[in-house]
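There's a structure below that I have some questions on.
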Amino acid sequence: MDTATKVIGFIGLGNMGRPMAKNLLKAGYDLVVYDLMEEAVTDLMGLGAKRGTSPKDVAERSEIVITMLPSSPHVEQVILGPLGVLAGARPGLLVIDMSSIAPVVSQKVAAKVKEKGVRMLDAPVTGGTTGAANGTLTIMVGGDKEDLAEAMPIFEHLGKKVIHVGKSGMGQTAKVCNQIVVGISFCAVAEALVLGVKAGADPVLLREILNSGSAHCWALDQRIPHVLEGDFEPGFMINLQHKDLGLALDTGKDLNVPLPFAGLAFQAYSAARAEGLGEKDHSAVIQVLEKLVNVETRKGVNAN
Amino acid sequence: MDTATKVIGFIGLGNMGRPMAKNLLKAGYDLVVYDLMEEAVTDLMGLGAKRGTSPKDVAERSEIVITMLPSSPHVEQVILGPLGVLAGARPGLLVIDMSSIAPVVSQKVAAKVKEKGVRMLDAPVTGGTTGAANGTLTIMVGGDKEDLAEAMPIFEHLGKKVIHVGKSGMGQTAKVCNQIVVGISFCAVAEALVLGVKAGADPVLLREILNSGSAHCWALDQRIPHVLEGDFEPGFMINLQHKDLGLALDTGKDLNVPLPFAGLAFQAYSAARAEGLGEKDHSAVIQVLEKLVNVETRKGVNAN
Amino acid sequence: MDTATKVIGFIGLGNMGRPMAKNLLKAGYDLVVYDLMEEAVTDLMGLGAKRGTSPKDVAERSEIVITMLPSSPHVEQVILGPLGVLAGARPGLLVIDMSSIAPVVSQKVAAKVKEKGVRMLDAPVTGGTTGAANGTLTIMVGGDKEDLAEAMPIFEHLGKKVIHVGKSGMGQTAKVCNQIVVGISFCAVAEALVLGVKAGADPVLLREILNSGSAHCWALDQRIPHVLEGDFEPGFMINLQHKDLGLALDTGKDLNVPLPFAGLAFQAYSAARAEGLGEKDHSAVIQVLEKLVNVETRKGVNAN
Amino acid sequence: MDTATKVIGFIGLGNMGRPMAKNLLKAGYDLVVYDLMEEAVTDLMGLGAKRGTSPKDVAERSEIVITMLPSSPHVEQVILGPLGVLAGARPGLLVIDMSSIAPVVSQKVAAKVKEKGVRMLDAPVTGGTTGAANGTLTIMVGGDKEDLAEAMPIFEHLGKKVIHVGKSGMGQTAKVCNQIVVGISFCAVAEALVLGVKAGADPVLLREILNSGSAHCWALDQRIPHVLEGDFEPGFMINLQHKDLGLALDTGKDLNVPLPFAGLAFQAYSAARAEGLGEKDHSAVIQVLEKLVNVETRKGVNAN
């Protein structure tokens, strides 16, 4: 790989984008960065990045542009807006949107950039800020295989697993589907543990039993041990789980797919936010039910 | 172990009970059996079991009595009824109820037999008819450790994993909690797969992606591969998943624990029953949603 | 009407049954009463009723037997049990069960008494303890028209509205359907009012607007004015609404009719019970949501 | 009233806006209209309206501007966009947005126009196309009382009932709350009727019973008689009920108010849309459940 020849534009230097951009700098890429937060830009410039004055400017100066933004409207604005990426893009530019946004918006943006001869991949990730920092994200990609092949050398510095899901928007679709299952999963586990504890069971033992059979799931396996210790630090924040379930519901709305469980889960995370738990780990959704029935599913409760 | 000295009473020779009783005969135990279905009794007698004329009679002639019955009222009737086990039990008899019933009923029955000096374990199982036939069930036990120690030599011929969950009723509680998570799990996975397919994703690839990350669960891992092949043979029947969620809801009702997700799942399995899917595998609950939106999540759909 | 010639047996002298029985005494009927609560029996005897020693004894001494009991198992026991009504009934006896129980249980009991030549009506009521005291209940009747005609002179002293819904069990069915709508209604109204107040609306005005258009319903019209005053006295208790939704869900289960909204409402009333609101009016279910989002929908809040 | 002195701008000549604009022309107002649909503009011009070339142009030529648009983004674009109303508004102009949109968007737009000295009312309506044609809408108004006083002479030609709900956004809030209750109401009634019919009840009689007691609601009273006749013509379309519940959920999301029942109702109307019922009356949501359990709640079914 000849990284020295590539200039990468990087737009969006938040909790996820900043460590990702740093990994690319470390890997030897030239970066032109843009963010509204001056402090983030200065930080990156201290590590060798150059400042772009607008997404348009970034696009004009880069061979590949990566965007990592909070929501669908941001992506539309940054890519399609008057001073956006597309306004500065030469034909053939490759735009990689790694934000988690609505699949339909992703497809719409991809279609618009394509009209101008610009190529686009949607490439949302899982793995959180830890994965971003360590370059161990899972990256779900929608778009042309050839474009993915071109992006692979970059992705190798960002993640440990890259999956080509299908055409434009399919990366976002896979992400959304994943978030449906994990989001509901924590609600299911909450009901089982709270009921069990109320009935007199030791939650440590109960988790072990459930995790060893047909109730086995990532939530029980990876996150409930923290819950049992009273540790609700993210991990993956309630606010983000809520946002992602919102994307799922929007997608269901667009495609007329009823999603009663995802819909109920969205409301459960809303209740968690109302409880002030927005910045806690998604496992903290259990606290809503714990409060309603006045029990705690912690180590030591009902222990023999 | 000196199995020759033990006479075991076995009441309930249905799909689960019959193969379990056979495993005990094979292991060298003397069995006195009882069931309303004459054919099942004759079958066991052909293998060396003796016939009991009533649960009372079985109890009078046995050192340990095992019950494996369809529901809470059956257990109450068979153990506490006028011709029931308790009526024929000498003090110190050990009754092992391996049925899946309401935890509160289990606790009530245990309390009543204890008044007469009779001991009781609740010991529901997972693993289905295959596990029953192969002696590889998982057995969740509630009751005294000493009584479990006495039952262990028998359990070794029935299951490969025996867990002491806690006091009376805790075996049933663990089972019910397990069934909450697995029952909801299939509903969550159904929404994710149907939405994904409607959005254009290949369900085979989508399942692989979801199963490899935070959406990982037993349902995706073990049962969805069958769904993708169009195979809905049980496994574990919709009717039983529906029954077990009903037990969970009854338990939530008794303990005032709201269970909105389990409640919604119960209704989803009701809808599956209304579709005539009662004797299919619980994964078939996905067909309700598939029908509503007119897609199928099968291998080959949206394949690249 | 020649009431003097009728002896009525009355079994179940609780909050509802006792004032109903008194109305019949006032109307000139001879009553033979039975209840486990000695105090209730003594009270009625002071007004001229005679004591029955068992449901069987009551049946032997009466021309018509009315039962007003808390739940399905009570009705089964009192009518079909060893010392029950049927054991003492001569052919042609008319049994009127005014309890609110599962339609299927009602039908089963009716079928069993019919085998012995005994007639039965199911005749559950709405109107609460006030209606019982004032003789202004609404009575929903299932069974033969001829039997209803015979019961009418009695019903005239108990209720102001008697509806023949259909064959056996249809009285209970109508009651259950009614309770589905009213139970969900309070949950719907709760979401609208809490959301409105959180958004800054005056709940008094909001209730007025909603009640004047397509959101108009009995809950808004009759009960929310009390909520706005902070008055949650029953009316109709959370515990009873919860019980009746449970009957609805049991009926849905028996008939394979999925009831996701009734199911969710059941859980909402469970949450209300967990909050200690079981003996408050069903409108108090709004307090669960109020607590979750920390607002109160009372007069004066957000008032201009 | 001196209507001759007022020039009204009217933007949005759809199913609702067009008949409303016509009523204002009939009342003697001068109208400057704008819509993307040429045919609608021509129609109004035939009745004496003048054409505006953009929302900006309309604003420049009017004393009061009314907008009647399909959704939040349309309102934002038409009022705040580069060629929007605000761009052409002189200080003191009164903008009346009669669209049904998200309360928070309404408040945001009102705040922005206020910065430029422009006044705004949110004034969504109920009553449908019939109410629009007959000038019998109900109008729920948010904003200053003085501005409402100024708008009253106009509203008198559009509706028969005008309610001042409160400050900016409160009109939209009241509308959204109303739609929560009515939307859930049809789902509740659907469960009751389908369960009743499945149990053997005559739906005509059942509706009558329910409507006469605590289950009484607008849905049962006004719309179910049409359902019983198999008539599902709107009325108020599934698509609009779905849209309005979406606004409710967005509002709940913004304010962190969990809305599990509205959320579930949204999914039920999604299922109805998936069934191709989007342009049927909202009562047609019952068809989803009817299909799942294979019954019809129509006159004649189970009739005695």
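Should a chain be cited, it is by its letter among A, B, C and D, assigned in written order, with residues numbered from 1 in that chain.
Throughout what follows, a contact is a pair of C-beta atoms (placed from the backbone, for glycine too) under 8 Å apart; a residue touches a chain by one contact, two chains touch by 3 or more.
If you're wondering where the values come from, they're calculated on a predicted model, not measured in any experiment.
Listed here as common contacts of chain A and chain B: C, D.
When the C-beta pairs in contact are tallied for B-D and for A-D, the bigger tally goes to A-D. Rounded to whole angstrom units, the spacing between the C-alpha centres of chain C and chain D is 39.
In this assembly, the C-alpha centroid of chain B lies 52 Å from the C-alpha centroid of chain D. Chain centres here are Cα means. That of chain A falls 36 Å from that of chain D.
Shown for chain C are the residues that touch two or more other chains, namely 252, 256-260, 264, 268, 271, 274, 292-293.
Here chain A touches chain B in the complex through residues 103, 126, 138, 140, 161, 163, 165-167, 169-170, 173-174, 176-182, 184-185, 187-189, 191-196, 198-202, 205-206, 209-210, 212-222, 236, 248, 251-252, 255-262, 264-265, 268, 289, 292-293, 302, 304, going by the rule given at the top. Chain B contributes residues 260, 264, 271, 274-275, 288, 292-294 to its touches with chain D in the complex.
Residues 242, 246, 249, 252-253, 256-260, 263-264, 266-268, 270-271, 273-274 of chain D are the ones that touch chain A when the two sit in their complex.
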